[in-house]
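You will see chain A twice below: alongside chain B first, and alongside chain C after that.
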Partner chain A sequence: MAATSGLATIPVAASGTNWRRIGVAVAIAAALVLPWLVSDYRVFQFTLAGSYAVALLGLNLLTGYNGQISLGHGAFFAIGGYTAAILMHRLGVPYYLTILPAGAAAFIVGVLFGLPALRLENLYLALVTLSMAVATPQFLKYFDHWTGGSQGIVLRKPAAPTWLPIGNDKWLYYQMLVVLLIVFWAGSNLLAGRTGRALVALRDHPISATVMGINPVFYKTCAFGVSAMFTGIAGAMAAIATGFVAPDSFNVFLSISFLVGSVVGGIATVAGAVFGGFFIQFIPNLANDISDAAPWAIYGLFLLAFMYAMPTGIAGFIRTMAVRYAPKFRTAVGEQPTSQPGSHS
Partner chain B sequence: MTLNRRTLMIAASLTAAAFVAAPANAQKQYGPGASDKEIKIGNINPYSGPASAYGTIGKAIGAYFDKINDEGGINGRKIKYITLDDGYSPPKAVEQARRLVEAEQVLLLFQSLGTPSNTAIQAYMNEKKVPQLFVATGATKWNDPKNFPWTMGWQPNYQTEARIYAKHILQNVKDPKIAVLFQNDDYGKDYLDGLKEGLGAQASKLIVAMKSYETSDPTVDSQVVALMNSGANVFINITTPKFASQAIRKVHDLGWKPAHYLNNVSASVSTVLKPAGLEKATGIITSSYHMDPTDPQWQSGKAYQDWLAWMKKYYSAGDVASTFNVYGYSVAQTLVQVLKQCGDNLTRENVMRQAANLKNFQVPMLLPGISITTGPDDFAPIEQMRLQKFDGNIWVLFGEVLSPEGS
Partner chain C sequence: MSAAVAQYVERHAPRAAAASAALLDVDGVTVRFGGIIALDGVSFTVGEGQIVGLIGPNGAGKTTAFNAISRLYRPSAGRITFDGTSLLDLPASAIAALGIGRSFQNLALFRSMSVLDNVIVGGHARGTSGFISDALRLPSARGEEATLRARAHAMLGFVGLDALAHRPITSLPFGTQKRVELARALASRPKLLLLDEPAGGLNHEEVAELGSLVRRVRDELGITVLLVEHHMSFVMGISDKVVALEFGRVIAEGTPAEVQADDKVISAYLGKAR
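And then the complex of A and B:
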C-alpha cells in the first residue's frame, strides 16, 4: 500500500467526504456573511478575488488535472471580458446576460487553440500559450473599431435594485458569488466523475490511458475548451466588477500570476482555485503595504515562503493536515465536529 | 430608563445642532482628509510594470511635498501624500482609487497617470464627487467640465499642440500643401483631429496626403516615400520615438525638403534625433512648454538652480537629466497653489472651484512666457506652447508664446 500524495485521497475518501462537505458549507456561510463585516472597498476586492478564483479553476482543470501547462490564460480572460464589454456597450445587452456568451466565446477559441496544442507537450505548449498572452494586448488595440483601442471601453456599473437595501458593491458581490458557485459546482462534478479520471489518466500515463479506450484528442481538446470557458466567464465577471476593459488590463503578467496563483493555491484541486484567487488579489497589496520601495521583492519572499511551507499549495496543505488529524477528531467527538482542524481563517 | 434615554436624546440633538451650527459660524470648513493639522492627498503611479519609467514622477511629487512640509506646510497644514502602485493596469487603478477614497479618505486624487488608468476611474471619481486633479496624460478628453466636473488635466493636450502647428503653418508657409504621417491609434487620431480643427474649413484642401502606420510595422519608409511623392511642402510627423527617428532619416535621405513639424512626444535629442543623425534633424520644428534640464541655455538661470537644489536635497536618487522630474516638480507646485487658494475652506467642492480659478499662475520651470490659467469652462491648465527649431545641436526657441486661440 504505497499510499502517497495522489493516492492518499482514497483512504480518506469515506471520512473525507464529510469533512469536505462541512468545509464547503462553512466556506459558503462565510462568503455569505462576509460583505456585512467589511467595507464596500473590501467587498469590491473580494468580488475581484472571486473572479480570479473562477479563472484559476479553469487553469487548474487544464494544467493541474490534464497536465497541459498554459502561460496564456490571460488571453481567455480578455476574451471573456471583452465579449461582455462589447455586448453591454455596443449592443446594450444587460450585464447578467453577457456572462454565458463570454464563456461560449472563450470556449470556441479554447477548442480551436486546443487542436494544434495537441501536438505540443509541456514546455513547448507553455511557450505557445505564452505567445497568446503576449499578443493579446496588441490584437485588442488592432481591432479598435470594436474594442475601443487603447482607450478601452467604459461600462456602466450595475446598480442594486431600489427595493433592495444593500449597496451596489454587495449586490454585485452576491451575484458574482452565485456565478462562482455554479461554476465550481459544475467544475467539481466534472472532475469528480469519469471525465476527471480520464483527464488525470491522460496526464499521468497517456499511453495506458489510450489503451484503456480514452480518446486523447477528445479529452485534451475538451479540457482546453472547458478551461478557457471558465476563464472567459471569470473575465466577464471581472470586467463587470471593474466597469472597464482596456488592453493594458490583460498584460502578460496577468497570465503569469494565474499560473502562480494556481500553484500556490494548490494545483489539481478545486479548493485551491479559491485560495489562489485570494493570493493573486491580496498578496501584491500586502507586499506593497510592507514596503513601497521594493514590493516585488517582498512578493517574491511570500512566494518562497508559501512554496517552502506548503509545497503542495494551500489546498494540499489543508488536506495533509486533515488526513493527519481528522481521524483523531472523528474518534474524539464523533461525527459532530465543533471545530475544523486546519481550516484557515 | 426612559429618563436616561430622553436625556441622552437631548444631549445628542444638542451636540448635533452644535456641529451643524459650527461651520456656519467658523471660517474653517473641512472635507474628508483635511483638518487643522494635515491635508491627505492620494496618488496612483505605475511604479512597476511596462510604464514604470514614469514612476519617478510620483516620487518627485512626494519629494516636493517634503520640501513644502519642511517649510511649514500650506497655511500651517502638512501634506500627507499617499502614493500607490497600479502597474499601469486599469483594474488595479480602480482598486487603488477606491482604497484612497474609501479607506484612506483622501481629500483629492492628484496626478493619477496614464490614459487607460484615468479612463477606468473617471466615472467612479465623478460619481463620488472626489477631485481627480491634474491627471498625467496628454489626451484631450480631460477638458470636459460639463460631463466630468471633478476631472481636470494639466499638460497641453495633443489637440492643443496640433492646433498650434496648424496656426503656424497658416501664418508662415506660402501655399501650404500638407503631408501627415500618424500612428494609427487614439493618440495619432487625437493629433489629427486637432490639426484639422486648426486648419479650419480648408483642411481637406490643404492636407494633400495622409499615411498611417501601426506600432507593429518594422519601418515607415514606404509611407514617407508616398508622402513625398504627393508633392507636399509641409510634413507633419505624428510619431512615437522609434518611428520619428526613421522618418527623419528617410526624409533627409530622399532629399525631400519640407517644412518639418515633429510632435513634442518625440522631441528628445538623445533618444530620437541622435539615432536619426543630428545633421539630418537640423531645421525641424517642434513645440514645448517646460524647460529641458539638459539644455545649457537654462542651466545658469534661477529656476533651474532652485530645481537642482531641491533635487539634490530632497530627491538625490532621482535623475537630474530627466524631464519627468521637472514635470513632477512643476505639477506639484500647481497643486500647492490650488491648496493655498483654498485657504481654510478645504472641502472637495472648493478644491475644484480653486483649481478652476488659476489666473496667470507662473510655474518657474515652464518656458518663459507660459503660465497657467483655468476657469469654470476651461479645464485645460496649460494651453500655451512655444515653438523651437533644431539647430543641429540644441532646440532653439523662436517666436511668441502660442496658444490655439488668440495670439
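And then the complex of A and C:
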C-alpha cells in the first residue's frame, strides 16, 4: 500500500533534483569560462565575490537555517583574514596552508560565542553579535604587535607558477573557486542531511525538536561554530586575494552587508549565498558608477527594488519561477492541482 | 542504599507485582509552577502492550503529566521510571532515544518542511550521523539517511498519507496534520507513544478512524500507548485502563467501566450532588 502510493511521487521528486543538478552544472561551467571573458580587475572582483559567497553560506547556515540572527559575522571574517595574514607574514606559512587554520580559529571563537548565545533570542542575540562587530576594529588595533595596528598587514600576492600560461589574478581566481566549491559541497551536504534538518527543526519549533531527540545546546553551539568557520575561511580567501588586511575594512558595515547579502540572495538557501556575494561585491560599485555624489542613496534604491521584486530573495525568486514555468518541478516541490485550505495559489 | 530500596518496596507493596511488569512507572510526581501545584503526588503505571487513557477536567494536570514524562517540566518530587531507567536524570532531548515518542495537544510540526521531512526528523533519535559525516557524505551517513527515509515512508503509509509525502506541511488540513504528527512520533520506533488529545478538533468520522489507527499502533507495531483525551466515548472505547485526574491528583484508576462508575469521577465531571 505504502509502496504503490509512494511510487507516484518519487520520480517527480527526482526530476526536481535533476533541475538543481543542471543549475549547478551550468553555474560551474560559467564560473570556469568567466575569467577569459572579463578584464583582470573584474576577475579579482569575482574572486572577492566568491569569498563573500562563502561567508554568506556560513551566515545562512546560522541565521537562515538555524534562526540565530548574527549582526557580527564581519568579526569571524576578520578572524579568518588575520589568521591567514599573520601565518603568512609572521610565520612564513604558504598561503594555501592558511585557509584551514583560519577556519579552525574562527570555529573556536564561534563555539565560544555560541555558548552564551544559547540563552539569547532574536533581537537580543542580534544586539550582542552587533557588539562583536563594533569591537572588532579596535581589538585588531590594540594587539598591534601581531596585527600591525591601524596600518594592517601587507601580503605578497601569490603568483601563478611559471609553467602555467595564465595571469596571477586568474590563477588566484581558480584556486579560490576550488575552495568555494569544496565549502559549498560540504555545506549543502550538511544542510541536506540529518544535521541540516535538525537545525531547521530547532528554528521552526524548538520544543518539538527537543522532544524528537535533537539536543539544542549541541546543535546551536555547533551551528555557531561551523557558521563562523565558513566565514573565517572566507576571510582568509579575501585576505589572500586582496593581499592586505587592515582593521577598518572589518567594520560594522561589513557585518551588516553580510546580513543584507544573505537576505537579498535568499536566506535559508545555499544558492542565495552566491547571489548575495555578487550583490555585496558589485552593487556598491554599480551605485558608484551611476552617481558619484550619492552612491549610497542609489545602493538603497537597489536594495528596495530587490526586496520589492523578490521578497524571498533571488534564490527564492528563481524557485518561484521554476515552480510556475517548469511543470515537472511543480509536482516535485508539492504544488498539486488539488486545492487545500491555506495553500497559496 | 538497600534501606532505601526496602523502604520503596514496602511503600509500594500492594503494587509491587504490577510494577515489575510496568513499562512506565510514574511515582509520587509533584510539579509546581510558582505557588500553584499542577501535579500533586501523582502515581500510575502503564503496562507493556496496554492502551491507557488519562482523563480529567480542564486543568486537572494531564498535559503537565505528559510534559513531566517528556522532561519538558522538572518535577519537584517523585520519580518516573521507563523500562528500568529513571527519566528525571535525563535531559528532554535524551527521552526519544529511550523509546518514548509523543504528539502535542496543539500541532507542533515543523512549518517550513515537507510532510516527509517532518517525519524524517521524527526518526532523529535513531540516527547517529554528525556534522562531519553529513558534510562529507560518508557512506555511514548515506546509509542512515536511506534507513530514516524508508522508515518515514513506511510510517506515512501506516497512517495512510504516503501520497502526500512531498507536500508542504502547511498545505494540509488540521486533521491530516495530526496524522502526520502521529507518523512523526512513530518514526522514532518508540516503545511507548504519548498522544496528547489525538481526537481534539477531529470530526466524527475522523475520530472513528483514529480509534482503529491507535489500536493498529498497539497490535501491529507492538507499541504501548498512553493518551490524554477529552472525547469520552473514544477514550473509554479504546483503553484497557483509565486513570482519572482532578486538581493534579489521581482520583480513580481502573478499567473504563470501573472509572465510569466511580463516584469521584462522576462528581468531578458533573459537579457534586448536594
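Note that the second predicted complex is superposed on the first by the 314 of 345 C-alpha atoms of A that agree within 3 Å, B and C clash if a C-alpha of one lies under 4 Å from a C-alpha of the other, contacts with A are read in each partner's own complex, and residues count from 1 in each chain.
Definition applied: a contact is a pair of C-beta atoms (placed from the backbone, for glycine too) under 8 Å apart; a residue touches a chain by one contact, two chains touch by 3 or more.
The structure displayed is predicted, hence computed values, not measured ones.
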{"item": "Partner chain in contact with A:Gly193 - chain B first, chain C second, else both or neither", "value": "second"}
{"item": "Most chain A residues touched (candidates chain B, chain C)", "value": "C"}
{"item": "Contacts of A:Phe253 with chain B and chain C, given as first, second, both or neither", "value": "first"}
{"item": "Chain B versus chain C as contact partner of A:Thr242, first or second or both or neither", "value": "first"}
{"item": "Which of chain B and chain C A:Gln45 touches, first, second, both or neither", "value": "first"}
{"item": "First, second, both or neither for A:Pro158, with chain B first and chain C second", "value": "neither"}
{"item": "Residues of chain A at both interfaces, chain B in one complex, chain C in the other", "value": "none"}
{"item": "Contact footprint of chain A on chain B as seen in their complex", "value": "47-50, 83-85, 87-91, 94-95, 98-99, 102-103, 114-117, 119-120, 122-124, 139, 185-187, 214-216"}
{"item": "Interface residues, chain A side, partner chain C - complex", "value": "1-3, 5-6, 8-9, 12-13, 186-187, 189-190, 193-198, 200-201, 203-205, 207-216, 222, 226, 268, 331-334, 336, 340-343"}
{"item": "Residue ranges of chain A in contact with chain B within the complex", "value": "39-41, 44-45, 48, 138, 141-142, 144, 149-152, 154, 156-157, 238, 242-249, 251, 253-254, 288, 292, 295-296"}
{"item": "Interfacial residue positions of chain C with respect to chain A in the complex", "value": "70, 72, 91-97, 102, 104, 108-114, 117, 120-122, 124-125, 127, 129-131, 134-137, 141, 144-145, 148, 153-154, 156-158, 162-163, 165-168, 170-173, 184, 188"}
